[in-house]
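By written order: A, B, C and D. Residues from 1 in each chain.
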Amino acid sequence: MEMKDVLEMGQRLRNWGRWGPEDQLGTLNFITPEKVVQACRLVKKGKAFALAIPFDSRGPQTGFGGRINPLHVMLASGADAAAGAQDLIPGGFRYADDLVIMPLQCATQWDSLAHVSYDGQMYNGYDARLVTGYGAGRNSIDKMKDRIVSRGVLLDVPRYKGLDWLEPGYPITPEDLDGAAGRQGAAVEAGDIVLVRTGHMALCRSRGSWEGYAGGDSPGLALSTAPWLHEKQIAGVATDTWGVEVRPNEPPKSFQPLHMVLIRDMGLLLGEILYLDELAEDCAADGAYEFLLVAQPIPFTGAVGSPVNPMAIK
Amino acid sequence: MEMKDVLEMGQRLRNWGRWGPEDQLGTLNFITPEKVVQACRLVKKGKAFALAIPFDSRGPQTGFGGRINPLHVMLASGADAAAGAQDLIPGGFRYADDLVIMPLQCATQWDSLAHVSYDGQMYNGYDARLVTGYGAGRNSIDKMKDRIVSRGVLLDVPRYKGLDWLEPGYPITPEDLDGAAGRQGAAVEAGDIVLVRTGHMALCRSRGSWEGYAGGDSPGLALSTAPWLHEKQIAGVATDTWGVEVRPNEPPKSFQPLHMVLIRDMGLLLGEILYLDELAEDCAADGAYEFLLVAQPIPFTGAVGSPVNPMAIK
Amino acid sequence: MEMKDVLEMGQRLRNWGRWGPEDQLGTLNFITPEKVVQACRLVKKGKAFALAIPFDSRGPQTGFGGRINPLHVMLASGADAAAGAQDLIPGGFRYADDLVIMPLQCATQWDSLAHVSYDGQMYNGYDARLVTGYGAGRNSIDKMKDRIVSRGVLLDVPRYKGLDWLEPGYPITPEDLDGAAGRQGAAVEAGDIVLVRTGHMALCRSRGSWEGYAGGDSPGLALSTAPWLHEKQIAGVATDTWGVEVRPNEPPKSFQPLHMVLIRDMGLLLGEILYLDELAEDCAADGAYEFLLVAQPIPFTGAVGSPVNPMAIK
Amino acid sequence: MEMKDVLEMGQRLRNWGRWGPEDQLGTLNFITPEKVVQACRLVKKGKAFALAIPFDSRGPQTGFGGRINPLHVMLASGADAAAGAQDLIPGGFRYADDLVIMPLQCATQWDSLAHVSYDGQMYNGYDARLVTGYGAGRNSIDKMKDRIVSRGVLLDVPRYKGLDWLEPGYPITPEDLDGAAGRQGAAVEAGDIVLVRTGHMALCRSRGSWEGYAGGDSPGLALSTAPWLHEKQIAGVATDTWGVEVRPNEPPKSFQPLHMVLIRDMGLLLGEILYLDELAEDCAADGAYEFLLVAQPIPFTGAVGSPVNPMAIK
């Protein structure tokens, strides 16, 4: 597949106008009220899984492109109180406050539909120049603030293949996705948010280092999954990798071409850097690969992404 | 009531050791798996309400104590792409990235149990000096990353009283809470997260200004609600105000004394600056004041609070 | 004067190409090695004046346009050390570290020649689109890192006029500048950096508030000073106001039109928010209005401005 | 030498009370007005050297202890203007603004006298607990805002020894300092600010990487230089290394012990990460190793350090 084929595929799978000329939600429109009700009915055990990695300075970022790890600093602390610095507060009240500096793409995150563009346009045909230093005039993440609640389905590809993890560079195909879903007994349906586990984070943990995780070689979705994702009418897809799609990218002279099709053409919600290993263990143990997923963003006005702590509730 | 009475009440309502000497979750322990399952059963309409205010520079903060409003900046944008600054990226991929600088207490938030201390101790007897410039060694917000899922109940006090909002300085009593719950037909139960609407945010909106919201006079919970909150065995309480409790504070020479009892002694989760007006309208319309509440924090390691976009799902 | 006259004046005073097609220093080229030597010879008393205001959260910024006051936070402190948080450091060493978040235009500052543009061009004809989210590709402040050393001359306009301060809205004319220079006995020469005192900061201090300082009405240079500044071949001009030029701006439907001419056309270094009152007292006392000025920027790569603590040494 | 010897030396060289019980300037008191005048007289060529390294994300920091490299972001840009985002600004004015996030110890810097303490005390006997999350109550860098102007002397140790750079781990002795000064013909005098070149930055440049610079092995001042620095009555000392003193530190179980003596006991101003190579070339060429040094900090209120762009003017 060459870039012209990618662009042609983007043209073919394009959802622009499908939900009206003013739409800024894309495939989240596949989540209906009925879907939300059904998703809540999936909860049987009352157990929640937090799918965010720890937000701290030991995260996977290397500083490239300004993407540092979250920098958490204290504005006031118990140590300050003990040092007498809060003695003027009446009644004995003592407190701690803190602050964070973080790229919105630094750790577990949703990409907004304003995150990726090409040929001067973003999802639904909006001019990419509507995203400026003042924020995104269209397709910003805050538009999705109350919409990311649905049925979640975990597709644990390495487990299906009998592996601890997929090798970096392994392209996950539609056949892999169907195979995992079939083996797990959880069919992917319209409106679902699909969590694809590659095991790449487990590999990093086994090595004791994030080395190579951010932007390096990685297993991930092949370009050929785009029609599959389109046809299934899923609301979103998220992985335990830095960038959803396989790396090195296909075709060679490209950068994240699947993002171009999925975000800009299809309006598909993409999630990255999810911690799926504990959830995967539980799914393997009880055989239930479907759950309620509540993964709302923080509504940063005009933002092109958001940190998120997705809750999978079984 | 004087400060000595507050401290005595704190002593009486103290939950230290109740869930073991190593506990860092406090009243979240009241949320059982069964409770989670039941809460999910409450969802009938498939409609979600985002209870966070917009996270942007037009928020309520005034800079006091370092609490600025979220500062959202772009690391890259569509305008940059149009200017040619991304021309080296192969394959036509163009992107936008962003970064936020924000106090964790700047907008809709959870206070962790490390947020408030007195007499050198925080919840469960931990030394307050475990909270330093390096973060909170105990009771940090990340401990709660997968625990804030439960039944939510809205107590709309002004609506119960036939008012648009409670006046600043109005102390909400246990009778008000019981009265609202009774009128609404939604009894407060163990493990619930109780959302108390005061209308203070509606007042600010009607004025078109946050003036006085952050730290100024405000309606809020009276000190006398502490035993009520304790007896009900609720998991958390949150309001549409800056600081949960009534201001000016009671007694006069004090600062947020109810925080001292609720957070430090009881280990109760407190939420602040929630946007409850739209949810309240819906509850008044359909008569259902109970719902699934999924309000997970972002797991900042060692943090004493977290921004949150609580989802009330009906 | 209307905008078309401003633009015409800009055309007339334009220094583009004057120092070659690759120049990024503008009028700093007027500072010769001989000038530097002469400036150093002016030092007689061995007394230095720091012309920066305090960099802290009590500064003049209001948050408009993302311009917050400097936010200074501690990464580690003596209180932390006392709380035992540094006990692992061997040998007894204890330390404090800190961090600042600040707009480069938040307090006493130099505008780089990339700060202002119009008609798509900046100083020396460079395309304004060379300034993107990745920084300024031309005319950035770091280019000036070793060039802002020269003779400084203080023109204390209110003192010359027998006033404590000039009223907001007062346009300082060439006659005022000549009058002050004449009265003070310090003629403005080629290569000088001219500090124009309006007394506006003294007015704020007398009121005890920065209210209205940032972007509000202010005394300042009239548009008619542009030819004067050009003819004198000065290297830079700086004031004790937020924005150098008189506000409300002349003509009515404009914004900082003098900046357009001075920065973009002339390539003149502009400094803002300088604390001149103490220096002015000293100059009035000893009658010496000339001094060595060393006012180097911090060399932020690609930045469009820099905080600065200008040193006037007499 | 063991830590007890270090502490004994600290006791012996202690300058507490030397300039009064309220002093917060330490050895800067050695700089007299006459000294400033004499320093200005040293300027012969009118050539200034900027001794700061570039402040950008490619700096030497690794994130350790929260010390990231400066993160420079744009608040507005020419690209935004071209995208139409500034079209509402009247009169054609277009602008760029920016913001920096930086540890004050991230690049070329002064340590304030509040930066290092031991046994609960900092310089002049102040309680180390006066440095809290709210800043330094004593010995902060802003106290020095107009005091760091003096004669600078470069001691180019590797050049004196006929080397390109000193090897990491090489301890510079008083004999080395005297030798370099003698060879260069520039005696160190009271009130001087001494710049010691080790060549460590040149080594990094030759390798094309900062690897190991921040906190790694490095040439630097031996503990035995403390009495020399005390006796000479210098005002400050700065190097082209991360931490002034030799690393690995002497004695083995210690961390920056020379800092303990120099900053906390002597009240000596320390500067780090200075770019001295270009200045050194010039000094070697013209034989003049003395110059005017103007190296004022940015006056961050309550800060324990400051970025600085020291100007050596010859």
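The definition used in the following text is that a contact is a pair of C-beta atoms (placed from the backbone, for glycine too) under 8 Å apart; a residue touches a chain by one contact, two chains touch by 3 or more.
Please read all numbers here as calculations on a predicted model, not as lab measurements.
Peer 1: Going only through chains that touch each other, what is the minimum step count from chain B to chain D?
Peer 2: 1
Peer 1: Common contacts of chain A and chain D?
Peer 2: Looking at chain D and chain A together, the chains touching each of them are B, C.
Peer 1: So if I superpose chain C on chain D by CA, what angle comes out, to the nearest 5°?
Peer 2: The best-fit rotation has an angle of 180 degrees.
Peer 1: Higher C-beta contact count, A-C or B-C?
Peer 2: More C-beta contacts join the chains of B-C.
Peer 1: Give a one-word verdict, same or different, on whether chain A and chain B use largely identical residue numbers at their interface, taking over half shared as same.
Peer 2: same
Peer 1: Report the inter-centroid distance (CA atoms only) between chain A and chain B in whole Å.
Peer 2: It comes to 26 Å between the two C-alpha centres.
Peer 1: Taking each chain's centre as the mean position of its Cα atoms, how many Å separate chain B from chain C?
Peer 2: 44
Peer 1: Which chain B residues reach two or more other chains?
Peer 2: 66, 71, 73-80, 82-83, 85, 99, 101, 129-130, 132-134
Peer 1: Have a look at which chains touch which and call the overall pattern line, ring, star, complete or other.
Peer 2: Graph shape here is complete: every pair of chains touches.
Peer 1: Under the stated contact criterion, what part of chain A meets chain D in this complex?
Peer 2: Contact set of chain A toward chain D: 57, 63, 66, 68-69, 71, 73-77, 79-80, 83-85, 101, 129-130, 132-134.
Peer 1: Flag every residue of chain B that touches chain A in the complex, lowest number first.
Peer 2: Of all residues in chain B, those touching chain A are 3, 6-7, 32-37, 40-41, 43-50, 52-56, 58, 65-67, 70, 72-79, 81-82, 89-105, 114-120, 122, 127-136, 142, 145-147, 149, 249, 251, 253-257, 259-260, 292, 294, 296-305, 307-309, 311, 313.
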